[in-house]
Amino acid sequence: MDFSPSARAAELTGAVRDFIDAEIAPVERALHGARAGEPVSWQVPDEVRALQRQARERGLWNLFAELSNVDYAPIAEATGWSFLAPYVFNCNAPDTGNMEVLEKYGTPEQKDRWLTPLLDGTIRSGFAMTEPAVASSDATNMQLTAVLDGDEVVLDGRKWWTTGVGHPDCRVLIVMGLTDPDAHRHARHSMVLVPIDTPGVKVERMLDTMGFLDEPFGHGEVSFTGVRVPVANIIAGPGQAFAIAQGRLGPGRVHHAMRMIGLAERALHLACERGLARTAFGKPIMNLGGNRERVADARIAINSTRLLIQHAAWKLDTGGPMAALSEVSQIKVAAPNVAQQVIDFAIQIHGGAGLSSDFPLASAWTAARAVRIADGPDEVHRGLIARLELTNHGAAR
Amino acid sequence: MDFSPSARAAELTGAVRDFIDAEIAPVERALHGARAGEPVSWQVPDEVRALQRQARERGLWNLFAELSNVDYAPIAEATGWSFLAPYVFNCNAPDTGNMEVLEKYGTPEQKDRWLTPLLDGTIRSGFAMTEPAVASSDATNMQLTAVLDGDEVVLDGRKWWTTGVGHPDCRVLIVMGLTDPDAHRHARHSMVLVPIDTPGVKVERMLDTMGFLDEPFGHGEVSFTGVRVPVANIIAGPGQAFAIAQGRLGPGRVHHAMRMIGLAERALHLACERGLARTAFGKPIMNLGGNRERVADARIAINSTRLLIQHAAWKLDTGGPMAALSEVSQIKVAAPNVAQQVIDFAIQIHGGAGLSSDFPLASAWTAARAVRIADGPDEVHRGLIARLELTNHGAAR
Amino acid sequence: MDFSPSARAAELTGAVRDFIDAEIAPVERALHGARAGEPVSWQVPDEVRALQRQARERGLWNLFAELSNVDYAPIAEATGWSFLAPYVFNCNAPDTGNMEVLEKYGTPEQKDRWLTPLLDGTIRSGFAMTEPAVASSDATNMQLTAVLDGDEVVLDGRKWWTTGVGHPDCRVLIVMGLTDPDAHRHARHSMVLVPIDTPGVKVERMLDTMGFLDEPFGHGEVSFTGVRVPVANIIAGPGQAFAIAQGRLGPGRVHHAMRMIGLAERALHLACERGLARTAFGKPIMNLGGNRERVADARIAINSTRLLIQHAAWKLDTGGPMAALSEVSQIKVAAPNVAQQVIDFAIQIHGGAGLSSDFPLASAWTAARAVRIADGPDEVHRGLIARLELTNHGAAR
Amino acid sequence: MDFSPSARAAELTGAVRDFIDAEIAPVERALHGARAGEPVSWQVPDEVRALQRQARERGLWNLFAELSNVDYAPIAEATGWSFLAPYVFNCNAPDTGNMEVLEKYGTPEQKDRWLTPLLDGTIRSGFAMTEPAVASSDATNMQLTAVLDGDEVVLDGRKWWTTGVGHPDCRVLIVMGLTDPDAHRHARHSMVLVPIDTPGVKVERMLDTMGFLDEPFGHGEVSFTGVRVPVANIIAGPGQAFAIAQGRLGPGRVHHAMRMIGLAERALHLACERGLARTAFGKPIMNLGGNRERVADARIAINSTRLLIQHAAWKLDTGGPMAALSEVSQIKVAAPNVAQQVIDFAIQIHGGAGLSSDFPLASAWTAARAVRIADGPDEVHRGLIARLELTNHGAAR
């Protein structure tokens, strides 16, 4: 066993951290001025576009696509310290996942039209799976129809929590639709590339997460009414949605989980800073009650969860997604829960300030809370982990 | 022992519930349309003023002031089901606490000028204690000065989380200031009535709590620059701030805690409703995994905490605030934590919808989270409970 | 609402406490000398029989049978401070439950033969329900047969965790057996009075609970081979076992739960004592880390759970067992979990000593842990609470 | 990063597992017959001595001393499945730690006399640090004196929880004593080799841990009255006790922690087996309520904690004990808590059987509970982790 990062991972992680500290952080602080209760902007600030150009020049662009999961993991953690960083480095969800799908399952034409500009950062994309009318934790519930009609596929239905649809550069959605209700439950659905300007596609409204809109990406409720696209827009052919989802989600979950670790580290850092700087009852507040124990518990939880994620990344790299099913679900459960707990502690240490927009803690907490639901709620992943455990336990010893 | 409510409490609780269901709930649903990212209004909608008149006509007005703590407790719980109800019944914080202070410690002149219109609902008030520059969990830290100068008292400093200051009818603040830095640490501060239009009082900005502004009341950051008011505006005389705070907070904490129980009950109700109505993997989601156990745990936590609060109310009624110090701190810790846990479960059952503004859960969660900090963070109250326990344990048997 | 105890309850509780402190505690300390690894005695020490006589003379005998549940609750709590006390006051499980069954469902002959000497303390009894071969958390699983054969009932099968069977005065078992496998699932089983000297009854071995045998009562594994008793020994007639169990368990669970509260109070008391007396790193260990917070959490948990139990007792008294089904299950879950948590903290404060036989904490912890399984594991009770909640939630508001 | 074990570690781990399954497990099952309440034996059964010879022949002897911490870690985990295995492989505490001290700090004479026979398995040793009269979590509290008197050192005082002292082959104790009360607080104490037959050494009694005596090793209370040994018996010279303790404890804590992981894995394995085999309410009990979620949580906790330990082992190997201070304390906290939680779940799944001696769960739980106190309670380690975190957090980013 060797826990040291590769030379390349170490170097790039350092470069990413430096770039965040020196370039992104000041912009983020300046832009963070927008107040609750004021109208939000759905445009990309010029400063952010400038940061993207700069990152690209320094070779900090599309790193998720170039590195192994193990090597990319510490970079994902570093980007978790900043809300802007993933986008600046062209490593933000849902575009990364969509790019991976196109890279792995796309035809040359699909890659030309969508993957190239996505890697180039000139367009953005959305991912439309969850539906308002059904319990979407069970993906076989999805009701939006994607019916074959000659050389076209026709989509009818409604999605929500379609992340990325608010971005001014969003040009295409990957939509999961029901193609053959009589097939095996994991062969009924298809993934369809739908240009956002196709007639019948309508963004009905943008949804908030505990008051945050996550602009300029946002999460939309989108209706599809008689939306027609060529059959060639189906990725990997009809009925392949589940196979694609399985292949798509592993790396993305490693990214999310490591960003959660970054978020948790930042929260712990802020808690230590504030807890040592402020005094109550004659002591730094960090020395009151159980605060130090909570620092220790946070450190244990962060370290062990980071290792769990790195190990899952290594299993993905060495054994592929099917060998790492349980591991990927484990990190999907563990990471946001740890982040949520650490951020909650940091908020408490900050008092009222921790709940306000003066600190990034309230939005960090909301991000962690949302991840416990997005991409499958905790409970679904726990169910999968248990199923694999109970299948295998006979062979465990 | 007798756990049945008094006839009057039972009757009024029923009337309050009916009024909320029949009159307030429809207005609340209609007003709840405001979306995240849109400008908020700091005005009181006409419909709400109409509800206030109606409540008053039905004798559901100022009940907090008329009933014992035990009798008012179930009414406070009932109002916790609605964000509007406390204001509609003229039973909202911080006005209730301010009215109690004036009732108990005010001079006839102070009562005439401020208590009467507060009870009448024609004006609102704010409470200014927490400061941005110091750890305010230790109230002796407060630095805003309230210096005697002849027959005037002069205030200089800065407060934040001054709740109520955004309301268009807000006319007066109760401000805690440092009068004599050399006195005993619990005799240094005074409570001063400061009309909000006094020269030198400036609302610098309104603060958000996890994105929520809680309009039209709101929480303000307020600066005081050479603010002069007559010495007669000091409540109960200079140096009495701590004595007043002690007397003020008991009933208010019972109200807050019971509203948390109401909030938790509503969240559990919504969770049951949604959990039975939606299906995944072939079952109502309520029947999946540990969901039913979480319902049971919620029921146990809510019931035991409600009893804890009712018992604290009874101790306040029968023994006064000094006899119920530990009990009041116990409910201050227990109630928001229980509410937070139940609401978190309800959010999880709702999936993405639970985080959005489509349901009241995100703002309910935020309200519960804020109460863990407001009026003294959990840690301060735990410290007090432990101190009393360790002092008394020798006598426990 | 009135949280004050009745005059009689207050007086008797005081008398019970005084008797425990003055009379029982010294005997308990002296008897506690037996060391792990040494043979245990299944006899009743003379000192204990003397205490029983003394208790009876003072009118502290069979109080469970004389008082309402609400009035008996604080007495049960007081007896929880001592392992000997319940037996000394003739208020120990399983005899109390068996006496209640006989009182409520017994024929005059059954009462004469068994109830009278049980109330007199001249005999003891056992309760045989759980079986080693099946998951006994589902009582309908019970396989021991109790078949009618003319005017006799014949029992064949095996029970374990038959509490009380080790006592030298144990003369009778109440045995749950399967009479009619084709009846409704809640009408298949009967409760049969089986004198312990009936041919075919054999105590195979005594079971330990985490190393403790709980002598002289103990928990036995008992085989029944062609055991014949008259049909008149069936309590309330064939098929009535579930109806009896439902009626039997409410008060017993109040007793158990209140004893758990007593145990928790004692543990907290010991923790405070030790935590203040011992010093590490220059401070009383109680002032280190989060210890004081744990004292506060223990106080909150104990107080709220005590109130939950008292309320359940009140519901039993005022509405009967069917009106208090959820409440009784709630206390069955809450009380041992609270006790376990508080005792665990007390052990930690005591260090190694807390795990040894020098303090009563290890056996207290074991007692609490066992209650989480005995009389239905936590999970079964959570299931019942949830079922009732989901049935009723529509009517909750 | 590379998470695969070295070829040698993989091979030896396999051999150890096979040996445990094929040779040790049957002996363990046969010996486990001793019942609670019966006298225990302090002799080593012949079968166990035979297993030792066999293990040695197969090269599975003293592996802790031959392998790096990372390579030994999975072997330690494997031995955690069995209570006998560590001793059979000559890898049991406290002898391993004592051997490491002698190896690292011993003189050639000390090694000849004590290390060689310990490695040979012909003698056993004890470690005497904790004292009954003081809070021993603060090692500077230790009061037993070890005073220099010419070329002798004289020991006076009392220790307890001296593990290993009950073993028939125990020949020597390493005793921590106070030599110079005026020195720096970390230079006052010495470690002294005391042959157990030195006049003045008396084993006063053997202590139990929740009823378990852990024979034949056991934990003794030992008095030292005018005990004289040559100055040459002081390890590394007077005042070096703290320096030695720091160097001694790292590897031992890795061993302990990995054994806890082995214990947790075995408990989870038993829980799965029982949970699938038994049926209640028409389903395998594993499928009831939140049981499957608890399996998933156990899997997550075990995996992440195992990685935390392996990483700590790697840091010890690559950076030495001072580089791994926080990591070693992290695993000291995390491992027994995880084990305790998983074992508690396994007990609950087993019902009453889980608490009895029919399954190894009750003693496993006790072992895990004891580790939360032994070698420094959780709280002390949390304190150290927090101190290091707060010192370093400025440099964290």
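Per-chain residue numbering starts at 1, and chain names A, B, C and D are given in the order in which the chains are listed.
Everything below uses one rule, namely that contacts are C-beta pairs under 8 Å (C-beta built on N, C-alpha and C of every residue); 3 or more make two chains touch, one makes a residue touch a chain.
For reference, the UniProt names are A, B, C, D = Acyl-CoA dehydrogenase family protein.
A quick note: this is a predicted structure, and the numbers were derived from the prediction, not measured.
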Fit chain A to chain B (C-alpha, same chain sequence): the rotation, rounded to steps of 5 degrees, is 180
Count the touching C-beta pairs: is B-D or B-C ahead? B-C
Length of the line joining the C-alpha centres of chain C and chain D, rounded to whole Å: 37
I'd like to verify one number: the distance from the centre of chain B to the centre of chain D, where each centre is the average of its C-alpha atoms, in whole angstrom. 52
Mean-CA-position distance for chain C and chain B (Å): 42
Would you pick out the residues of chain A that each touch at least 2 other chains? 289-290, 292-293, 379, 382-383
Given the complex with chain A, which residues does chain D contribute to the contact? 1-6, 17, 21, 70, 81, 265-266, 268-269, 272-273, 275-276, 286, 292-293, 295-297, 299-300, 303-305, 307-308, 310-311, 314-315, 326-327, 330, 333-334, 379, 381-383, 385-387, 389-390, 393, 396-397
Residues of chain C touching chain A in their complex? 289-290, 292-294
For chain C, which residues count as touching chain D in their complex? 35-40, 130, 132, 134-138, 141, 160-161, 205-213, 215, 219, 278-281, 285, 288-291, 347-348, 351-358, 362-363, 365-366, 369-370, 372-374, 377-379, 382-383
